[in-house]
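Some structures are shown below for you to check.
What follows is a pair of complexes built around chain A, which joins chain B in one and chain C in the other.
On to the complex of A and B.
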């Protein structure tokens, strides 16, 4: 009697892993796009810092009218543009996270609804082509948590940035990089390898 | 008038290209200078006074490149001045034909001759000022020791403080008015 339930559970898991695979690709490419933006953010902060450190009136640039204000304005403008692009990327990350969360919670819900009619052996049994249901659910939940945490941390970092707080802007690229968690990413890639045959088998 | 608008567009594009080249040269100059001053700071008792090294040659090279870029920028601005002169010429002709008020119907969509002149004047002034700034940076960039000032020079070169977003808007308006950009 647990056979049809197991089949639909497998179907749900398959769909989730396929969506995880696609979302993982999108996620990586969006994060890669963020790297040069973060670098320019740091550069712009460095330029603003240098401008604050010198007195234009003591330099060979003294006879240019409102140079400091104009340069500051342009720097501000470029910083805004970069931040805007980063925020756009954040919304792409958000949609990746949402899509993974929806997919994973649907399959977890499906399992919970039918947990009573599935005996322990069915859930933990693996075959030559597919891992056990319990393993796969665990991997999915872990991957979903990774995206959720990463998104929150990066979003928080961006939200604390203020165009007028140079030290925050200067340290942003470093802090952004420190959020990377290669082990979790590896784990997701690993998972996708492990379920490869399972996804293919129909 | 339509051709003038296209020329403005092309000249501004050319300027941007030159600006990128110039920025590369200027940052190379600053890197070489930084390298040289780092070397001077190193305690180096045994070495004889350094002969004119390859860095000096490189520095000279990059300075020449930057000089070339600025020369080309001068040409661009001269062409812009010529555009402005031709603009004035057309306007004089217009006044001769239609009197000081100009023609009753607009030439293209809505602008009067005066507006064309204002836009060209604004663009020309911005570029002239920017060119002056570039010339000054060219003179000073290889003689500056303060790292902060070096960054400010580069920053000025890159950010082009005298070319405001307003300039870009004006150019777009000019292109729109003359029908080069679809309404």
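On to the complex of A and C.
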């Protein structure tokens, strides 16, 4: 009797991994798009810092009226543009996270609903072409957690930026980079390799 | 067998997993991810069970994400555990989560808007609230949007409001008949916005000792103030009329309570960012001082739901019921004029009960069908009309049960049925529904029956009053009752209000001897109600909808519903009399009773029809010639003819004992010879010459 349930669970897992694969690609490309934006954000912060360090009235540029205000306005405008683009990227990251979370929670729910009819022997059984259900669920949950945490951290970083705190803006690219966790990304790629035969085997 | 505790695998860090062998897991009855409580030396730890990747028994690895305090600082190592130290814990369904946010620094708290923290927490808990779904409110979108705006505006844009130099609104008064969902609305909006709610039910505050109630009220405001420091807060005063009645001259304890509430509301500082919401169904009994701007700035009126709103409510209610395919929500909405939200949910409940009762007899699928809803409609009556004077149970009549009078029937259908059935045609031709109808004619000619049939043929509410309902020994009582009747009728429009024997109810101003009798006062009330200057604000229902000639192409049924809603918001007055000359001329002008229909005494053809209808249920002998009877009954009214058939049947029983099986022609003739027609030629003449 556990056979049809197992089959439907396998089907759900297959679907989740497929969507995970697509989402992973989107995620990576979006993150790659973010890097130049973060660099320019840091540059802009540096320029603002330079602007506040300098006394324009002591330089030959003093003849230009309102130069400092104009420059500051310009810098702020470009900072806004960069942040807007970053926010757009964040929303695509969010959609990746949402889709992964929904997929994974659907599979976990499917398992939980039928947990009574699936004994542990069945869920830990492996074959040469397919990992066991418990392994696959574990990987999915891990990947989901990774996306969730990454998104949350990056979002917090961007949301706590303030135009008046230059040191925060300056350190943003560095902190953004430190959020990367190549090991987790590798793990997801590994996972996708491991389930490759399983996905193909339908 | 003992378990060796190993340090946690790096890939499991932060996953709250506890790795153990599959054999042990099945021995403990655990599935993947089942919660598990471990007690280790120095504390305990809550984990989710997971089989080890190598499926080996005898080892244990735990992630200490959720564990006792000192376990985090002194993680256990190199200990052996007994399987008895592992206890599976039940996993109850999550109902509420209360979250305390701990931030790193004061600086962070100062610079981060609470909205952001809220958002981050929501993101963090994504996937936890998986089963989280709120039931949307049907038909209250506009009201809830305005309420939400008041709650959110000051929170989202505090700078904007202060730069405009205005104080944000701080009080809303919700008013409407009982059961339209005032309390539910507040709770829902508060939940959506994420505000905290402090509820005060009127009677709870009132204490026995002098001064106690005021103290409690102050404490509640204090509570709201402290809650408002954390985030948005709503202080909800339910059943405000019991808390704040009109102040009277004497030094009643209520006066002090009202005064306390007024001072508390005035004493709210600009910095107190909480909103006071009051709800009442008797706004007129509130103290007027409470309703000025600065206290309750806005008054939101939630009226009895309109057709469209009822449809919304029903679709929300039915969304979670296994409803059969034959259930037509639009039709149900049409048939439930005058029902408020609470009534509609009662209908759904009743229908479900019917379905259960039926299924217990024959175990089948649990589906609620249209039939169950129809049964429920009989059991649940609209609460708008509850306690109303003219609520009458109608036995449905069809037009076919009335013989003859084709012309009158057509006119009645034109003025009552057509606006309901073909609203778009009326709109196209710029027609509006007649306000009132007067049926006059000699007694016994089926005036009342015609109205009954008209009411049965449409789905509108039907109220009928007679003099006995209205007259009262107290001065002014009858007028009040009539005005109340109109108010209720408007609340559940489209509605037919039937005034039978209107001449006795309302006299004429010119002919009556006493100029200030009850009748003339009733007449003035009726004139006002039928053609008054407008509705009272309290009776507003829904938003004003105006039909637009061109607009987006909607689907046709939707359009028809809307048309119907716009065209049929009025109460239709149907009056019947047999003494039209006694009526006041002001009542008869177009715009009040604009259709005046003469119900004539039956002519030969009509009498034949009437006799056919009357004898339909009788075993009439083969020799009976209805033609002859019709010819012989000149000046007989419909009631006379019915009586004639009855007499003939009785005569048959009398002559042939109780075994009579048919009614012979002779019986008809014999009973005819005993009878006199109730109409006279002179009488009919007077009706026909009667001018408008």
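One rule holds for everything that comes next: the second predicted complex is superposed on the first by the 202 of 202 C-alpha atoms of A that agree within 3 Å, B and C clash if a C-alpha of one lies under 4 Å from a C-alpha of the other, contacts with A are read in each partner's own complex, and residues count from 1 in each chain.
As a convention for this text, a residue touches a chain if its C-beta (ideal position, glycine included) is under 8 Å from a C-beta of that chain, and two chains touch if they have at least 3 such contacts.
It should be emphasised that the depicted structure is a prediction, and the values quoted were computed from it without experimental measurement.
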item	value
Which superposed partner A:25 touches (first chain B, second chain C, both, neither)	neither
Chain B versus chain C, judged by how many residues of chain A each one touches	C
Touching partner for A:189 - first (chain B), second (chain C), both, neither	neither
Touching partner for A:67 - first (chain B), second (chain C), both, neither	first
Chain B versus chain C as contact partner of A:53, first or second or both or neither	first
First (chain B), second (chain C), both or neither touched by A:77	first
Partner chain(s) touched by A:177 [first = chain B, second = chain C, both, neither]	neither
Residues of chain A that lie at the interface with chain B and also at the interface with chain C	none
Complex contacts: residues of chain A adjacent to chain C	97-98, 101, 104-105, 108-109, 111-112, 115-116, 118-121, 123-124, 133-135, 137-138, 141-142, 144-145, 148, 151-152, 155-156, 159-160, 162, 187
Residues of chain B touching chain A in the complex	129, 132-133, 136, 139-140, 146-152, 154-156, 159-162, 164-165
For the chain C and chain A complex, residues of the former touching the latter	11, 14-15, 22, 25-26, 31-34, 50-51, 53, 55, 108, 111-112, 116, 119-120, 123-124, 126-127, 130
Contact set on chain A toward chain B in their complex	46-47, 49-51, 53-54, 56, 59-61, 64, 67, 70-71, 73-75, 77-78
